[in-house]
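Every chain is named by a letter (A, B, C and D) in the order it is written, and numbering of its residues begins at 1.
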Amino acid sequence: MARVVGLRRRFNVGSLATATDPGMLRDAAAELLATAIFVFAAEGATVSLGRNDEHMMMYQGGGGRLVAVALAHALALAAAVACTLNISGGHVNPAITLGALLGGQVCLVRSLLYWAAQLLGAVAGALLLSIATGGALLPEYALAGGVVSGWQAAVLEAAMAFGLMYAYYATVVVSPRRVQGQGAVAAAPLALGLLAGANVLACGALDGAVMNPARAFGPAVVGSRRWRSHWVYWVGPMVGAGLFGIVADHLVVVGRTVAGEEEAAAAPNCGRRRRA
Amino acid sequence: MARVVGLRRRFNVGSLATATDPGMLRDAAAELLATAIFVFAAEGATVSLGRNDEHMMMYQGGGGRLVAVALAHALALAAAVACTLNISGGHVNPAITLGALLGGQVCLVRSLLYWAAQLLGAVAGALLLSIATGGALLPEYALAGGVVSGWQAAVLEAAMAFGLMYAYYATVVVSPRRVQGQGAVAAAPLALGLLAGANVLACGALDGAVMNPARAFGPAVVGSRRWRSHWVYWVGPMVGAGLFGIVADHLVVVGRTVAGEEEAAAAPNCGRRRRA
Amino acid sequence: MARVVGLRRRFNVGSLATATDPGMLRDAAAELLATAIFVFAAEGATVSLGRNDEHMMMYQGGGGRLVAVALAHALALAAAVACTLNISGGHVNPAITLGALLGGQVCLVRSLLYWAAQLLGAVAGALLLSIATGGALLPEYALAGGVVSGWQAAVLEAAMAFGLMYAYYATVVVSPRRVQGQGAVAAAPLALGLLAGANVLACGALDGAVMNPARAFGPAVVGSRRWRSHWVYWVGPMVGAGLFGIVADHLVVVGRTVAGEEEAAAAPNCGRRRRA
Amino acid sequence: MARVVGLRRRFNVGSLATATDPGMLRDAAAELLATAIFVFAAEGATVSLGRNDEHMMMYQGGGGRLVAVALAHALALAAAVACTLNISGGHVNPAITLGALLGGQVCLVRSLLYWAAQLLGAVAGALLLSIATGGALLPEYALAGGVVSGWQAAVLEAAMAFGLMYAYYATVVVSPRRVQGQGAVAAAPLALGLLAGANVLACGALDGAVMNPARAFGPAVVGSRRWRSHWVYWVGPMVGAGLFGIVADHLVVVGRTVAGEEEAAAAPNCGRRRRA
């Protein structure tokens, strides 16, 4: 009960007027660009390595392709987070945005803008890839038949997104403010990118290891337009990252000292610091 | 003799009352989560790449799988250390905790809490993987038959854990305090993760290159439950990392200046600094 | 219209006298060396992995070679940027220099010097490789026949260079000055190197994923001397990176605060800060 | 002529009495340990991936093994440099020590101690590997027959060591002092490790891409004891790195400002700063 009250107190709707603030629109543009770059490189690696219809067939052949795809995810996500960390906060993932919203780090208005930007960016990245390759069919995310069911895959995705959200909190949110712009510049991209790469190596052959609704959404819109297992890549990451956002105060110290200092500065621009 | 006295003086039992300190419990929770993430990704990569009963069979086929498993270890360990470095100190490994205890960096109470958290985390990570894959048999760590004996493997593990502990001291402990929260945020995860990955490439095909009792314990509890060579993965890393902790003062400067400054602040919360 | 005026105001010709300034020549020498190192390692990996006439044939075989070539690009570019970041600004790429010129970060005189240095460095790196391997024919960049046309490849190259330029701005230019020399030292090389590696994984099998005119120019001069598709690797990256430089003010904040502070210091030495 | 005088002025013999200074012995011990860790992991990866007599046979088969060996070198060197950067300066390579000596960064007494430590460490790492694997024959470095001659290989090694020395200067020496302990902690290990990995991908199949006399010496003493091409791995790196040390003042600014500040502090402890 106290928990729910605490959550409600932390949950921040924000002012709708800020949605047209040039600073916030620029942050959303950064998210759009970074998500497009990430989806372009990650999906491109998958397309390049084999023109199969589904991710699964490619991964089960052997180690070489899985390593290539995992590396592409790790490298591209680390680069995308490094690009946006000092601009929009380095989300590049609707699930991370949800976790940050439920943890009181960003307000609802900003979250809605980020979600729209991330989905648009993912579609743009996939579209560019499709056009440039002359309409190559982008592979569809699907479950390894007979190995994992939809709910098992959703649990896997939730667990991996929970871990990603933990990495986000531990490297971006926990850091005292003066460190945030310096060491964190290197630690957060690495932690998020490397963890995503490791998870693709771990679960890529089971359910694709998406951990990011936008990553699945963009290629699905542009490519196959089959939505059979698509819910897994929304429900799993959103539940996992959102859950971490709710319990974050108990697991990592975002606590009084730092958050108190943040809150005053955060109010006017809806939960994101401005660059000095 | 002077050595033993010095060791006893540095060895810090700590107050049992601190075991229920919320800050210390939170640190232990961070260790639990990070170990779970590490074991989940590292073991998951091994499971994904082949459903064999033992690690060894997979590694000896060729380069591709070994690279995939080594990368998964490097990426996941770097991410786990990056997550916990500013919270619990970035151990994620019972052997590192032993080395830190014998080197006077953490007290006994904290070490016991960390050990429990790390083993629980490793079991949790392995359990999640087992459930999500529908009860796939997790591969067992074993020795490459006819190549290395148990004692040779223990020597290898001790040497690798000695090296890991050196990397931990050189990047986390040695750093003067003001640097610790900044550059070290990037250097320690990289040094530990990259060294673990290099060691898996070097010795993965000989004895598995575990370097971490929790890494072997979790999958063994959940999976095979065969304990034939399991002692190797406890004795080797614990001896190697512990040995480094004992001689650390002579190899790296933890010396008067920094430690003296630390000691005053460290006493109340049992050997770990608080976040500002 | 206001845009064009704004661009003209930002566009900085610089004084020709500065071209013989020892500091600027030293910066150009750093660009030359770093480009030579990058081309030597990246082209060397391609030569080592197969003595084919074209890049394309090697990539389409399977995952192993593509991963090796992508890793060589990622590692070598990150190292080259890390080397030059605090000296010349870490361009190592004529397209990045064009983007920085159009974005008002460097002056025209400096750009011309950098371009000459980068092209000379690329030729030197390729020449050294050719001599040391006893005149092995360096593979030629070409398009995957029947998959992408020249213009599609140019669009791909432009998109990837746009992303690289974004990464350059987000990690090098945006950073407030006091952060630039510290955290950025790690973030910029990683972001640029990792993004280049991810893009090689994504598009290496389509058009080579060059993103850098000097990278294609050096081996073409020393090796095949066929220029069939060479225009693609000039037009694409230059247009993409230049476009980002023009719109950069609207996408990332280089704005008043930082740039104003820079401008005063930048005037005498033509757009590059001196080392303290 | 002025050059020679300048070099003689910069060349610093140091006082023999400092050779028994505990601080300097500790630094040498750090070099010994780090070189042992590096050789153990790098050579171990080569042994694990195939029990051939020579490196060359393994690399020419295909991409998978070369990637594994290059990754092991990159990861292990980055970890070794990260460990020693704040202790001994992160050489881990007799050629780097020679370049630093000729560039006036360390004195002759310190260089001799480091060389002894590096060679001992390399032998120790190779010996441990040999014992733990039951006397497996460590592969010998040799030249790819019919592709490169001894002198061509020496030129290749010199060029790669020149590049490594450039990376060392650009990330460790150039940095102003206050940055050195912070961002450099992350940039120097990455630049050196990644560049070594890229060079192994580039030239591993030609001459082994050693770039480090100790790397070749340790396994040769413990293993094959054939010295046919061994001179290449001493002459090449030493000439390349030494050459850069001599011309370093003209390529990167080590100049008056920083060096002047250093010199006063450097005199008592022979060219290496003490930890605060």
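As a convention for this text, a contact is a pair of C-beta atoms (placed from the backbone, for glycine too) under 8 Å apart; a residue touches a chain by one contact, two chains touch by 3 or more.
Note that the structure is a prediction, hence the values are computed from the model and not measured.
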| item | value |
| --- | --- |
| Touching both chain B and chain C (chains) | A, D |
| Far-end chain from chain C, centres as C-alpha averages | B |
| Rotation in the CA alignment of chain B with chain D, degrees, nearest 5 | 90 |
| Approximate Å spacing (C-alpha centroids) for the pair chain A, chain B | 28 |
| Chain centre separation in whole Å, for chain D relative to chain A (CA means) | 40 |
| In chain C, residues with contacts to at least two other chains | 64, 67, 71, 74, 182-184, 186, 190 |
| Touching residues on chain D, where the partner in the complex is chain B | 23, 26, 29-30, 33-34, 37, 40-45, 47-49, 64-65, 67-69, 71-72, 74-76, 78-79, 82-87, 128-129, 131-134, 136, 181-186, 189-190, 193, 275-276 |
| Chain C residues within the chain A interface of the complex | 59, 62-64, 66-67, 70-71, 74, 147-149, 152-153, 155-156, 159, 163, 166-167, 170-171, 174-176, 179, 182-184, 186-187, 190-192, 194-195, 197-199, 201-206, 250-253, 257 |
